[in-house]
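For clarity, chains are labelled A, B and C in written order, and residue numbers in each chain start from 1.
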Amino acid sequence: MDYAVIVALQILAGVATLVIVSLGLAVVFGMMRVINLAHGEFLMLGGYAAILAHGHGLNLWLSILVLPPIVVGIVGAVVERLLIRRLYGRMIDTMLATWGLSLAFIGGVTMLFGNSVTGISAPLGSFAIGRYHTASYDLFLMGAAAVLSLLVWAVLKLTPAGLLARGTMQNAEMAASLGVAPDRVYAVTFSAGAALSGLAGGLIAPVSGVLPTMGTAYIAKAFITVITGGAAMLTGTLAASALLGSVSTVFTFLTTPVFGEVALLVVAIVLLRLLPRGITGRFLRRAL
Amino acid sequence: MTVLLATEALVMRFGGVTAVDGVTLAVQEGELRCLIGPNGAGKSTFFKCLTGQYKPTSGRIFWRGRDITALDPFAVARLGVGIKTQVPSLFDGLTALEGVVLALRRQHGERESRHRAMQALERLQVAQLRDVRVGLLAHGQRQLVELAMVVAPEPDLIILDEPTAGMSAEETHRAADLIRELNREHAIVVVEHDMQFIRAIARTVTVFHQGRVLMEDAAERVFADPRVRDVYLGKAVA
Amino acid sequence: MRRAALEIAAVVLVAALAALGLPQVLELFALINATVFVSMAVLALSLGLIWGYGGILCFGQTAFFGLGGYAYAVAAINFGDTTLAVPLALAVPTVVAAALGYLMFYGRISDVYMGVITLTTTLILFKFANSTAGDEWNIGSAPLGGFNGIPGTPPLNWPFDPASQLAPEQIFVVAVVCLALCYAAARLILRTRFGRVAVAIRENELRAELLGYDVRLHKLALFAVGGLMAGLAGVLFANCVFVSPTMFSLSYAGQVIIWVLVGGLGTLLGPVIGCILIQFLTTRAGSFSAVDPNLLLGVVFMLAVVVVPKGLLPSARTALVRLAKRGGA
């Protein structure tokens, strides 16, 4: 029984991690139809921001939760202004350019900080369920995933800024004729997405090694999750994370982490074969 | 007369919208059928169900008595159906001749295809465009080149979705002559808007309204019917 | 027909000159480097064919590159003779490409999703190959070696004569011959009905379908051919470098795309020239510069996409195409 609880918690933690890691990408793709292949590197920069800040004495929670989104949000704003803005509407070109950006970030960070893995040890220790122990940080991650999803939903549905953003995404010309500057909306949305990615990096820094290429471990999963999720940005990501995260964790338990990842890919491919527009292309179509 | 193409209670629904609401019709060999109706009446959606681009929600489609409802567009084309889309579908990077050759290449060798392709281009009076890249052609010319691609493989049935869209009066006139001439050898179904064009070619007309067939009759009777006029003017019709 | 024959003849001539001349002129290290360039050029050609002509943007062409290399190494070590290892090494990536192609094209998956799936495939293979250190990861007598790769891949030997292995100079000749053959094959394929339909599909998939062509099958077949060629590049690479997970890496995957983009999307020689040129420059740059190669590559990539509308350097491309036309593209 205790073991079942542990497994359930692990599955939830796996799903939560996938949500956290995919949310920034979902916002940018879902709202702007921009495929940011440097999303993994935004994550990596967030991780580095957390590590460096903490290494210089900043409080752990501030290093993980506050600094990374600010830093990476600013990076995102710069990237949008200099690169993404020139390529709107050109989906393939955006993919390619952001891929170049991702390589550049990896190279730059390698030059600055070298190739070695650093990290922060996970705070909050562990707690016991019967004979088994599990990391309390996993519970924190689950909470973080829930809070972030709620936050995104709340901002988009309940705030005037969110409404503006959604309107602009649906029809930029219409929004412009109502006095909204689409450029500004795009810039803010992209930065927000980047900030979310950076925050994700900070959040997973204690459970993942931070090195220049860490982003590459997550980009594939995040992408697959967002695309399998379908058009509804938030619901799709949550649905896909739940499905793919569970399958991946279960397989990891039964075999090895690598097979867990392979299982995720296979399930996603099968899903896309059956539902070519993603999960929310068929179900829950009018959700956010 | 053999029935070439028939539909039976065809329904096409998208989410909450029923674009085609139980359409039953039959086209005979050698017939010239016009499908008319105001915007949003479901003509183009019906067209895409026929070509296999949409899988109908319910109902069936028959070709010479055989159920072809679930066929992919390429399979429908192979039956001997020539399809001309509303927005011209052409190979912009290829020359007019290369495009028509490809249309023939599935059934003929290289030399035979070139020969027939030239004939098709001449028939449509665009032979002079043979070596011009299609992407550079004017809209009316594109329509004619596309017609050449559709006609060259000598299909049993040609279905055209608004073939005169964007054509000048002169080109529309030429197109009408062309359709009548083509009808001597192929059955034709035309989905159209342009009433002048319809009047010039129409024999049997099927009128669409809100996804259903309002009436289907000889052209003169359809044009004289007050309901058809009302439907075009947007008045409610039972 | 005459034009194609002329073009192929010209390329064969250049290849013959290179194959016979360069081993006389270059010292061993430079010659082995040249062999690497040539094997990469075959990889670039494979993507140039399926992307530039078929419109298939595969982000993970390196998947088939790596599979070819690994299949060759494992087979050669196990058989003790490379004669049958080569066809096996070519079959593996081709079959995988066909399977992946079936999943993607018969699922009518769009461009974007295809890019994601192919990219993910190569990344998964990368991760998998990296995790194969340790004895339980042997296939027959060949250790997969984890992130170190497979040690001691045997070089090609003369058919059915395992004792006489080819010298590096001879491997260079084999590589050049392979490049010329792949080019000729690609040219010829493009002239067949199949090839022209594939190009038409790139131009307008709907119209190709409405003309009665099975679009999915054509894309699948072309994709498999691309996989075969990339696998061949992998075999050549295995013979002049060594087989390791890097063959599947994101970095290599990106490089292939840059070569094709910068060299000229829509030509066959463009990617080849782009590949050799960029590799030459990066090796030169890498030897004295303090700049990380990823950084350099990334910046080149971004510039290539942004500065030019079609993602190409226009003057370089026109010059390259003119060069290629004179040489016989």
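What we mean here is this: a contact is a pair of C-beta atoms (placed from the backbone, for glycine too) under 8 Å apart; a residue touches a chain by one contact, two chains touch by 3 or more.
Just so it is clear, the structure is predicted and the values come from calculations on it, not from any experiment.
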Graph class of chain-chain contacts, one of line, ring, star, complete, other: line
Per-chain Cα centre nearest the global Cα centre, belonging to chain: C
Interchain centroid distance [CA atoms averaged], subunit B/subunit C, Å: 44
Interchain centroid distance [CA atoms averaged], subunit A/subunit B, Å: 48
Euclidean distance of C-alpha centroids - subunit A vs subunit C, Å: 32
Residues on subunit B engaged by subunit C in the complex (per definition of touch): 51, 53, 72-74, 77-78, 83, 85, 89-94, 98-99, 102-103, 105-106, 110, 149, 153
Touching residues on subunit A, where the partner in the complex is subunit C: 35, 83, 86-87, 91-93, 95-97, 99-108, 110-111, 216-217, 219-220, 223-224, 227, 256, 258, 261-262, 265, 269, 272-273, 276
Residues of subunit C touching subunit A in the complex: 57, 103, 107-113, 115-117, 119-121, 123-124, 127-128, 131, 250-251, 254, 257-258, 261, 290-306, 311
Interfacial residue positions of subunit C with respect to subunit B in the complex: 193, 196-197, 199-200, 203-204, 206-215
